[in-house]
Amino acid sequence: MSKREEEVIKSYFDPTLTDRERAIFEGGVALGSIYHQFLGVPIIKDDEILKALENAIEKTMSVQPYREKIEVKIIRDKVKSEKKNQYDYESLKGAHLDIKVVVKYGKYRVTARMKRMEEIDYNLMCIEKIEKLSEVI
Amino acid sequence: MSKREEEVIKSYFDPTLTDRERAIFEGGVALGSIYHQFLGVPIIKDDEILKALENAIEKTMSVQPYREKIEVKIIRDKVKSEKKNQYDYESLKGAHLDIKVVVKYGKYRVTARMKRMEEIDYNLMCIEKIEKLSEVI
Amino acid sequence: MSKREEEVIKSYFDPTLTDRERAIFEGGVALGSIYHQFLGVPIIKDDEILKALENAIEKTMSVQPYREKIEVKIIRDKVKSEKKNQYDYESLKGAHLDIKVVVKYGKYRVTARMKRMEEIDYNLMCIEKIEKLSEVI
Amino acid sequence: MSKREEEVIKSYFDPTLTDRERAIFEGGVALGSIYHQFLGVPIIKDDEILKALENAIEKTMSVQPYREKIEVKIIRDKVKSEKKNQYDYESLKGAHLDIKVVVKYGKYRVTARMKRMEEIDYNLMCIEKIEKLSEVI
């Protein structure tokens, strides 16, 4: 991307937005995108199938900008169906998922996470960790 | 699934529906489901990423009832983006896809297909082949 | 669409496929499409919001070919959340939905339906009714 | 939501995250969610249909936490199809959309935006404006 294009992109953002905040924003975009893209995919409790899905989510969603790492776990214990008959399968839902996205923008690395909070029966999306890179290395 | 449950399911269908027609119906459900579930997944022209996505679609969508085989091809030549910069990626769309679903119900095997018809710039979903199994084997 | 284009489309289908079967196929495509497109939309038990969503699903999905009528009902009693706090909402899922799609192809009108079968805890998609139009009118 | 629950939620976030940053994060979640939930919905250039879809997106996505206002515009000029024949329709894609989400968290109001940047042929998601509420009122 040329310097000119980068400047055009930057001009769309609020000028007070810091690099740390931009990384936090991208963490939010990543979680919202993953969740709403893959909800509803048919699954059963079969390790080969679930690994294939985790792998595809991690690899494809990593092509969005500034993603450093994505880890998706479909919690095996939450998947009940085992294909005992034709109709025995489930649709992927929030309760099945534990998602970790690491975003890097400028000098900041941000870890965004989505997981089930059993206490309030909710799939919480949160910013778990913010690191300044000069401090990390 | 118990005999009782199978009868309950059958009772919801029009009584004139044949096994051949049921297989055709399932072929339609499969194509509509795959297309609308996975449209919008971020992709680039990278064989490892595209194979991971093809594999996940094939494996997960095969858990729906009566699916015998699913083949998904993301046409490499239609994917333009190569991640030259952070913003260089695409969203999966119909024009990228060639999908074949083989459904088996009773004595019938039906091949449903979705592919781009360049002639009318449309992602046609169709029933490509209908086989009666006694004739096949 | 020109005669030529219609012939091209027809050439992709198995030549033994009847108009009745084509209508059944389109019913399947419609149900699979609606289900996997809209699963995961955030909802609460608020009539204005739920009507807006039902209306949008009906109107947009009707633009696919050969759809004569689409009726979507989000079962109010199945929606638990009432926005008592920021986190009190749900994602649209199969158990919330009753969908009826009427497809017309050639002389055939087919009613496809998706609704919860409480008996087997499954969102059954089925062909509820097949009518030959000369018999109807 | 009880004080106890709010504290549990807060405990999942990085302790250095400010209210301003939390609002920015929620703006990102909102844009990612809307985009990946609704991509692929069938549309034609028909004001009634497009208004129904815009309205449903605005109303449903507003039930997620801390959303103050959502405005969705499907750019009429970008929609080419007018249902001249059965196959004349499109799938909703980024190029059709202009989305504005206003999020309020604590004393901060953040405006997140997704729109087509023609300069780089990309659907940019950005933080357009950050306001501190005491300054606003």
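The first chain written gets the first letter, and so on, giving A, B, C and D; residue counts start at 1 in each chain.
Everything that follows uses one rule, which is that a residue touches a chain if its C-beta (ideal position, glycine included) is under 8 Å from a C-beta of that chain, and two chains touch if they have at least 3 such contacts.
Because the structure is a prediction, the values reported are computed rather than measured.
Which of the two pairs, A-B or B-C, is linked by more C-beta contacts?
Greater number of contacting C-beta pairs: B-C.
Taking all residue numbers used at the subunit A/subunit D interface, answer same if over half belong to both copies and different if under half do.
same
Hey, which chain ends up farthest from subunit D, C-alpha centres compared?
Between subunit D and every other chain, the largest centroid distance is to B.
Distance-wise, how many Å sit between the C-alpha centres of subunit A and subunit C, to the nearest whole number?
Roughly 30 Å, centre to centre.
When the centre of a chain is set as the mean of its C-alpha atoms, what distance in Å lies between subunit B and subunit C?
From the centre of subunit B to the centre of subunit C is 17 Å.
Centroid from C-alpha atoms only, then distance subunit A to subunit B, rounded to Å. What do you get?
26
At which residue positions does subunit A touch at least two other chains?
1, 9, 33, 35-37, 40, 87, 120
What graph shape do the protein chains here make by touch: line, ring, star, complete or other?
Drawn as a graph, the chains make a fully connected set, so complete.
Subunit C touches which residues of subunit D in the complex?
Residues in contact with subunit C: 1, 9, 33, 37, 40-44, 46, 48-49, 52-53, 55-57, 59-61, 63-66, 83-89.
Can you check the complex and tell me which residues of subunit C touch subunit B?
Where subunit C meets subunit B, its residues are 1, 5, 8-9, 12-14, 16-17, 20-22, 24-37, 112-113, 117, 119-120, 124-130.
Okay, in this complex, where on subunit D does subunit B touch?
Residues in contact with subunit B: 35-36, 39-40, 87, 91, 93-94, 120, 122.
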